[in-house]
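To start, the structure itself, in structure tokens.
Per-chain residue numbering starts at 1, and chain names A, B and C are given in the order in which the chains are listed.
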Amino acid sequence: MKDSVANPILDIRDLHVHFPVGGQFLSRSKRTLHAVSGVNLALAEGECLSIVGESGCGKSTTALAVMGLQEPTSGEILFEGNSIIGENAPDRMARARIAQMVFQDPYASLNPRQTVYRSLAAPLRLHGTSAKSEIEDRVADILKKVDLRPEHATRFPHEFSGGQRQRIGIARALILDPRILMLDEPVSALDVSVRAQIINLLLDLQEDMSLSFVMISHDLGVVEHMSDRVAVMYFGQIVELGPWNAIFANPTHPYTRKLIATIPDPDTVLHPDRAVAVGKYVAPPAGYRFHPQSVNRPDVYAAPEASQLVEIGPGHVVRCQPD
Amino acid sequence: MTPLLELKGLHVGIPARRKTFEIVSDVSFSIMPGEAFGLVGESGSGKSLTALSLIRLLKSPLKVTAGEILFKGDDLRGLSDRAMRKLRGERIAMIFQEPMTALNPLKTVGRQIAEMFVLHQGKSWAEALKMAVDALADVKVPAPEERVRAYPFQMSGGMRQRVMIAIALACDPDLLIADEPTTALDVTVQDEVLKLIAELCSARGTAVLLISHDLGVIANMCQRVGVMYSGRLVEERDTYDVFADPQHPYTKGLLGALPRLGSRHGAAGRQRLVDIDSLITDKSSLLEKFYFEPRHAVRDPRLRAGGPP
Amino acid sequence: MRGFNFNLWFGGFLTLVVVIGALFAPLLTSLDPVYDANLMNAELPPDGEFWFGTDEQGRDIFTRVLYGARISLTVGVVSQIINSVIGLALGISAAYWGGWWDDLVNGLTNVMLAIPSLIFALAIMAILGPGLLSLLIALGLTNWSWTCRIARSSTLSLKGQGYVQAAQTLGYGDIRIMATQLLPNMVGPILVISTLGIGAAVLAEAALSFLGLGIRPPFPSWGSMLTNARELIAIAPWATIFPGLAIFVTVLGFNLLGDGLRDYLDPHMRTREQ
């Protein structure tokens, strides 16, 4: 069932990513790890779509598939209507102008042996910009956009703090003027006070540069603050998808509710009744039961049972099976 | 009621020839028996060092340069190394953030728990292993009779953390120090582990010193909170008061910098998150009153590179 | 502050002595190593004129040791360069691409490590015949396994770093990534193994020349000098001592330099990180 967005800039259709496990030279039993099973997601231009879930749910694998770093087993990924996987896939250079990624660990996302200038200038040169003055201008420009000074370009990554490194990572992702930015846990590794600045920066940049975001996160506070729509993933499948206020005000699927209820939130001290409200049971739509029913570990080596996404509100769907 | 633990003017630093590089300055707080006290702060605030200094786990060249550490009335600084070793594990226990590195990868978890009974309570290995099974059951590990023979690498992160808790609580200590016990875990597992700690400690009357950078974690578990910034304790009150009416600018900033669940639903919509560092570098007299010093850590890379963090 | 790095300084000093001796041989001695042979001067002990004495043909040993250094260093450095190129190419690509290529390279490396290197070099020399070029090829093809192993394990650990993935998303091709992102970040261990490899190559050259398979007399090679000096041990021991000493000093120098570099590069990086 397609995700209902008109003219999406990015359209993920029935994405499956399966990994063969345990089969090397001479093994007999080959199991398949179903990392992503039938994901449908559409990204509207200019929106921020977040994919939330815990480790192992497949959100990172989905992101890698979109970025071209992971070969999908089946399914389709379209950028502005054109396929970007399979035989018709654009080469790496063309891909680079479509989507870029901001990585989670600011301490590992920059080449320690390259100055900031080189990390930013090299992609420009690779993509055809040769005039030194133009390169210098664009590097200075992008550094200013992420609230760093052009003089910082001559330094090495280890001379910067975590937050600054993340800014450099964002600058690098933006230097080629991509249309889509994939944010992989962009602030998880940063201190609380620094997170606020990076979040503010990302939101500002989104507006300034007309970017569309796909954000992967397990931090629901950040997700609620930044997203237009939220997709909740559980063991390779989307179990709930909808506008941010619907997901957070009216979480329906048992897994979504568990996720939101278990976030340690300072507000529970002041408003203990809020937590109770979220934990209350919500009935599935008529004629259906939720799928998966229980939130215990399913068998990741088996293909999931047939199920569908049922609409329970405008743009708000939840995964069910017919009763 | 006399406090179980009382810190008076703790200073931790690196003594050098001319002067001492201070990392923790003048920290004082107390924990009552059975109480859960939270120490919250960001990385570099000194909260972990404060905890390590309590049970003399500081690695040289870090040293406690001044202050009293009173545990049940006795100054821990005066204890011999031998007495300190006995205290650790028996009366004060500690669990860490990374269970994989805190557990011995070459010994079964059952043996590691049993060690506590053998070393501290003089039990025989056979008896201790039986007690280890019980300990695993207490921390809600399923099929404990089988799990005793498992090695740490065979267990999930949440399971390993439960084993750490079992080891820590084996000898019924008076105080449990938990340093970021759930930071490395998934959200739902985090919730279970925290509930477990709360349950076990309130059942046994164990006091808890919970250290975290996550205000939410502290909020759910602790009756009182200390906020640390740049080596100093800037605020220390009941949890409710700290969240409802934060006094110190840093605490206010910390609460305002968090994207809070439910905050966006209001009429005002999405609020711009508070930028703590602009509070910090703007050194007005009001801030000075609260001993609010900029992050002058000796090797702060931001001061070298300049610009926002 | 780090303690004084003895290995680095002393090893560097010894290596420098050998290099200077080799480079400036014509300036340091006016005699020719091959042609200035006067039977009247045969088997003279070290004195004011012949600092290391003379050999059975009346040639100045000091001169021959100096020119022999050129051979040894050339063989050492060039064969190590060949080793490094092969080892890096195979190791980095094996870890980066994985799959059957990785299995193949691993298998090949295991085979090479199991064969005694000298015997392998001997076999190649037997096919190619003696001489400097064959020596370079033989040694170059023999000792690349260590470099390959290190390159492979470094690549495996670096592969997962964010900046490598970033390079892929930025449009970099595989070869460019291997050359610009991976290779520069393993310079430390590679440099160390290379200096140790040079020392090993010098020893190997000496052994092969001693066996008559490397540099043929009358050209001076420390190994072949030792061969000639075998018969003279009783009457002119200096003919054995000085070439032997030269080998010893050279190999020791490179080994210490390698150790010193390893220590220098490691904590240095750490302190800079702080």
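Throughout what follows, a residue touches a chain if its C-beta (ideal position, glycine included) is under 8 Å from a C-beta of that chain, and two chains touch if they have at least 3 such contacts.
Here the structure is a predicted model, which means the values were calculated and not measured.
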Contact-graph separation of chain B and chain C, given in steps at minimum
2
Note, CA centroid farthest from chain A's centroid sits on chain C
Most C-beta contact pairs, which chains?
A-B
Between chain A and chain C, what is the separation of their C-alpha centroids in Å?
51
Nearest whole angstrom, what separates the Cα centre of chain A from the Cα centre of chain B?
32
Indicate the residues of chain A shared as contacts by at least two other chains.
158
Of all residues in chain B, which are in touch with two or more distinct other chains?
none
Over in the complex, which chain A residues touch chain B? Could you list them?
54-55, 147-149, 152, 155, 158-164, 191-197, 199-200, 218, 220-222, 224-226, 244-245, 248-249, 258-260, 262-270, 274, 295
Listed in rising order, the residues of chain B that touch chain A in the complex are 42-43, 186-188, 190-191, 194, 213-220, 239-240, 243-244, 253-265, 270, 272-277, 300-302, 304-309
The residues of chain C that touch chain A in their complex are 161-163, 165-173, 176, 180-181, 184-185, 272-273
Which part of chain A faces chain C closely enough to touch in the complex?
67-69, 92-96, 99-101, 103-105, 108-114, 119, 122-123, 126-127, 158, 169, 172-173, 176
